[in-house]
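These notes are about the structure you will find just below.
Chain nomenclature is as follows: A, B and C, assigned in order of appearance, with residue numbering initiated at 1 for each chain independently.
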Amino acid sequence: MSASTQALSPPHRDPDTRARLGWTLVALVLLWPLLVLAEFRPWALFDAGNLRVMGSFLGGFLPPATSTEFLGYLLDATLETMAIATAGIALALLLAVPLSILSTRALAVSKIGPGPGRLGDRMARAAGRALLTFLRAIPEIVWALMFVRVLGLGPAAGVLALAITYGGMLGKVYTEILESIDTRPARAILEAGGGRFAALAYGLLPNAAQELTSYTVYRWECAVRASVIMGFVGAGGLGQLMDQSMKMLNGGEAATILFVFLVLVLFADSLSATLRRALA
Amino acid sequence: MNETREPCAPRGAADFCLSCVLTCALVAAAVAGSFVYLGIDFGTLFSVGAGADMARFAASFFPPDLEPDFLRKTAYGALQTFAVAMIGTLLAAAAGLLLALPAAGRHGAAAERLSRFLLNLLRSVPELVWATLMVLAAGLGPFAGVLALALHTTGVLGRLFAEAIENAPPQPEQSLLETGSGGVPAFLYGTLPLVWAQSVAYGLYRLEMNIRMAAVLGFVGAGGLGQMLYFHLSIFQQAQAATVLIAMFVLVLAVDALSDRLRAWMGHS
Amino acid sequence: MGFELESAGLTHGNGFRALQRVSLRVGRGERVAVIGPSGAGKTSLIRLLGTALRPTEGRLDVLGANPWRLSAGALRRLRARIGTIHQSPPIPPRLRVVTAIHAGRLGRWPAWKGLLSLLYPVDVAGAHAALARFDLADRLFERCDRLSGGQLQRVGIARVLYQQPDLILADEPVSALDPALADAALGELVAESARSGASLFASLHAVDLALKWFPRIIGLRGGEVVFDLPTARLTDSMLHELYAAEGAMLPVQARDAAAGATTDPEADAKVIRLDTSRGR
């Protein structure tokens, strides 16, 4: 079997070489300006001034701050963070539920067949979807930054920012969940002349309730993290406290807050996991 | 049907479930408690006066500042944000791969536990918190953002890579070790080709998220569009802020579209 | 010397005795086939000789050394001299054929050469020559997942020939090939052994191929050597006894393959019937 093919001379070059070389060059040519733009200067880490600042800050981590007064602030901020997340999700639901009912195809009367109001129905659905997209396109921390400008420092900005972004996210996912389950019961109710809410309550919710709740609980867990982060722009809670400690280069306080933050996130994780397991 | 079994009635309103009612009550109490604790005065928040304030604030964003000079500055900020996300993700992919090897249990139990702990730690601290720390370590500017993204993303990608490596079939690498190959070449020829495609997909997905993140890291001084937005909002230049917001929006959409294309292309080849 | 086993045994972790009291001596350049019913311990024996498994009792000596008394470096050098052909080639699907072939020499190459070859194939001509012996030279730069099962198995064989080992171990190396290709591929293995003086030790399911290409045959059943004879002294009744548990027919690749009359559609039909009768 070898005699016939061995007569052919072997190829001298890998045919992929040119492409590989080309892409490597392109990558290098692109990488250079990116490094310049990002002001990539690893040696800045070893700059004497920076080292001193960071060193004394990290050195201050030990011992963590444990004064009663500070712990009182900390407890207050932690509760505030949880409250912001919970209230934000509650308001987000007020936004998400009507919008998802409006925009889900599973409840579209017009899908049944031609009839009056078909065009309006479809336009309302499109508008609902567009609004949901817009709401979640901008990160919650940007909303928070802007609300702080209007409402001043404090948790109100965080709650509203969460309500808007998470309203958009929840609304989108609710819409998808309602469309992904078996929609025939709802269709049957609509065809029998039932209203939108009857179709939702008796046709869709029995099948979708568990998934909807589970996703909401998961989003609450994310909201806890988000509400800490939003504190950095002044929207209250743990983040605001951490921002202040860091600006004052108080390592001990920062260490305690970081620790509490990690515990809080773990707690939210396990609480949400427990709740979701209880639902399943 | 067996008479002793429960009748197959559908679960409906008639079914009474104590723990469900309790959970609902607890959740309702938590929500109510939250609002009370925060003490936000929703009366004034949603009053006509506040509404007018809000509307005036929103209106002040229009029209956006479209001066060529400012557009140039915004474009530079957008490019810088993109660069921060790119470099941060690339660094994280490299570091993640390095940490994934011990985390996949290839260098003994002690190394596995240590690297897993490290990855978890990196992952649990959010990017923005890393950014505030890195601003201290590296000074104000986009490089702090690069480091912050890299640290958090290393934790995320390292864990995903480690899982991919653990789940890859071991025979290819094993057979190379049995022909006397060294450990590193055996990994590169035997296991890396198995996890490469999935890892790149993970990296692209993280890149999308990091673009969004890089856009806001500037709030704590890490450069890019975020820093511009923070600056202009703090001196009440909403028109300029509007331009920056539009740029953020466009950047995010562009990168999403780009990585969708890339994924589709990779799926083909 | 090729290898020597002295009352070697292998008990797996779960207590299963895969091999017991196996004593064998295969000289340099010798060609030996091992046959036997499924579960006879053929794969275990190959893996033992390939130093992938360590005998739980008895003595093993491969290429003049006891592999389990060597230092790590010496064991690596010894392993580089042993080439194992696996029944299903352990080649990552996304690897290119040329890279898969080059992987055979990783034990001989310094690390830098192995790394370089990932970027640019360092020995295109060598890989081409190895593939040409199996009619696959035109697949040199294809990705392995574009190959059929039979082509991939031949790439696996070509990789081991490219390795230039002193001992070739083959675990059912032609199980995925049609009769004509199986015969030709075994012919290449035998030719390589004759040319380089490497010992060849192959387990085969098809008795006819073993009889045709190997001067010495070992019968294995239940983990024990039943016979170890020159092919000329092997009798039909010995073979039938070896395969007694698998029914009256001996597993063969194709009766006519040896005569080269594989175009006969009858031959293919026979193979299929035989395959199913083996319960594969």
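Keep this in mind: contacts are C-beta pairs under 8 Å (C-beta built on N, C-alpha and C of every residue); 3 or more make two chains touch, one makes a residue touch a chain.
These numbers come from a predicted model, not from an experiment.
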Maximum number of contact pairs occurs between chains A-B
At the largest C-alpha centroid distance from subunit A we find chain C
Of all chains shown, the one whose Cα mean is least distant from the combined Cα mean is B
Between subunit A and subunit B, the Cα-mean centres are separated in Å by 8
In whole angstrom, the CA-centroid distance of subunit B from subunit C equals 50
Whole-angstrom distance, CA centroid of subunit A to CA centroid of subunit C, is 55
Listed in rising order, subunit B residues that touch subunit A in their complex are 19, 23, 30-31, 33-35, 37-38, 40, 45, 53-54, 57, 79-80, 82-84, 86-88, 124-126, 128-129, 132-133, 136-139, 141-143, 145-147, 212, 215-216, 219-220, 223, 229-230, 233, 236, 245, 248-249, 252
Residue set of subunit A touching subunit B in the complex reads 33-35, 37-41, 44-45, 47, 50, 53-54, 57, 79-80, 82-84, 86-87, 90, 137-139, 141-142, 145-146, 149-151, 155-156, 159, 225, 228-229, 232-233, 242-243, 246, 249, 258, 261-262, 265, 275, 278
Contacts from subunit A onto subunit C in the complex sit at residues 1-2, 5-6, 8, 10-17, 20
Interface with subunit B, subunit C side, in the complex: residues 50-52, 75-84, 86, 90-95, 99, 103-104, 106-109, 111, 114-115, 118, 163, 165
Residue positions on subunit B within touch of subunit C in the complex are 171-172, 174-182, 184-186, 188-191, 193-194, 196-197
